[in-house]
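Letters are used for the chains, namely A, B, C and D, taken in the order the chains are written, and counting of residues starts over at 1 for each.
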Amino acid sequence: MSEDIKLDRAELDARIRRAPYHQWLGLSVTEAGDGEITIEVPWRDEFFVNAEAGYAHGGILAALVDLAADWAIATKLGRPFPTIDMRVDYHRPALKGTLRVKGKVIRLGSSFSTSEARVEDADGKLLASGRGTYATGTGK
Amino acid sequence: MSEDIKLDRAELDARIRRAPYHQWLGLSVTEAGDGEITIEVPWRDEFFVNAEAGYAHGGILAALVDLAADWAIATKLGRPFPTIDMRVDYHRPALKGTLRVKGKVIRLGSSFSTSEARVEDADGKLLASGRGTYATGTGK
Amino acid sequence: MSEDIKLDRAELDARIRRAPYHQWLGLSVTEAGDGEITIEVPWRDEFFVNAEAGYAHGGILAALVDLAADWAIATKLGRPFPTIDMRVDYHRPALKGTLRVKGKVIRLGSSFSTSEARVEDADGKLLASGRGTYATGTGK
Amino acid sequence: MSEDIKLDRAELDARIRRAPYHQWLGLSVTEAGDGEITIEVPWRDEFFVNAEAGYAHGGILAALVDLAADWAIATKLGRPFPTIDMRVDYHRPALKGTLRVKGKVIRLGSSFSTSEARVEDADGKLLASGRGTYATGTGK
């Protein structure tokens, strides 16, 4: 595990945007604390799985769960780590509109760590939630 | 569960491309049989999570596992169904190049069904795998 | 979904003990509220996976996660429901001693519901955690 | 990862029985090959979650998925490894009768490995299936 280096919201926001897929998703970090992070995601019409029914593809929500869970760890350890595996539960269709995803560390370990995330709509309604295991023993 | 309507490869290919996110991913159905489907995905540079290290974001692979598992069910039941939950295991970094994902039904049920998928690179090396539960009792 | 019938701690305790496997596990319900439940589990030496190293089999912890998540739903809906699928994360070895498992509803739905649970040792240290999906649309 | 030491069926059978919980479950290894294992489990009435309806507790099936997935790795690496996390899907009620669980390695890695398992009844009907991640980088 890398040393405990805390990054502030602005640094996390700058770093998370380096990933081309994050740029495409349009992510911005709105809050970041000790093991917790909130990320905002503006809508893109490419998110639709079904344009008539008007809701997002599950793979978009899965990406948000994975990245928020991982970057919650980054608030504690200074960077994200490779995902070993993840689970996502889908609770409600994610209709067109801004999405918000909140990541939170469950348990930091020297080799593996577990973290969870919740995706909400602009009104705070829970759309999806899940958790992942991250290889926090991995060197840079 | 809808009646058992089998669609051929060309029909599945046409239907899967209707989803805007699938168009963005550039999917094409290359094989489809009784409970199994193979989908090809050309590379896009927006897939990168890390452009220097040169590999895809886990959320892209999660989307591929989810959609291939779901469309494997479509080969049996005529359409995909809402994802209840899913799991993805990441085995190797997905380097720049064509991706191939193979979905396969594990068990069809009247209310919910389980299906799995494997993401491979162009050489057939296993990159990620997983499984999902789908609400096959849901009306159209 | 059955009507919203809340059971108190004593009723939940009586009902949970009806299951032969729960009797073998020695469960008792110590707290139960609106969507939350706490269950205590005295140690049995059959729990060991490794008697020299002195810790419990992962299958015991998996059973505790599953049943606490399910009975958290029972605090809201009056009874447990069939498990569709579940995930367990193992955080620390569960050494000989009383175990405590806390279940909590994440989201109730008319067909499927999601609930989570945490297994702790007597000092409140987190040993395992997880979540499951339950078929709350199932008739009695 | 420990060196690649293959154990034969009889050795695996002897080693798997050392665990007190495995003794209680009454496990016997009936087949074991290169990355695959089959384990038989005689019925015990303590397995019931519901004695009238007559089927096993999900926690019993979860234990079988976990241990068969882990011991499939043991056929390749000479011993089981700590479970990091696991998923179980429940397909049908497991009625009173002998259970059979088949584990199979999905991918061996130097730090963590993924393996899957299927629980069947005496007629080969699929009751539950799942997969787990194991810490194969862990020293003895």
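Definition applied: contacts are C-beta pairs under 8 Å (C-beta built on N, C-alpha and C of every residue); 3 or more make two chains touch, one makes a residue touch a chain.
Quantities reported herein were computed from a predicted structural model and do not represent experimental measurements.
When the C-beta contacts at A-C and at C-D are tallied, the pair with the greater total is C-D. When each chain is reduced to the average of its Cα atoms, A sits farthest from chain D. Computed from the mean C-alpha positions, the centre of chain A lies at a distance of 28 Å from the centre of chain C. For the pair chain C and chain D, the distance between C-alpha centroids works out to 21 Å. Multi-chain contact residues of chain A (touching two or more other chains): 84-85, 87, 89, 114, 133.
Partner chain B is touched in their complex by these residues of chain D: 87, 89, 91, 106-107, 109, 114, 126, 129, 131, 133. Interface of chain D with chain C (complex): residues 18-24, 45-51, 56-60, 62-64, 66-67, 82-90, 130.
Within the complex formed with chain C, the chain B residues making contact are 84-85, 87, 111-112, 114, 133, 135, 137-138.
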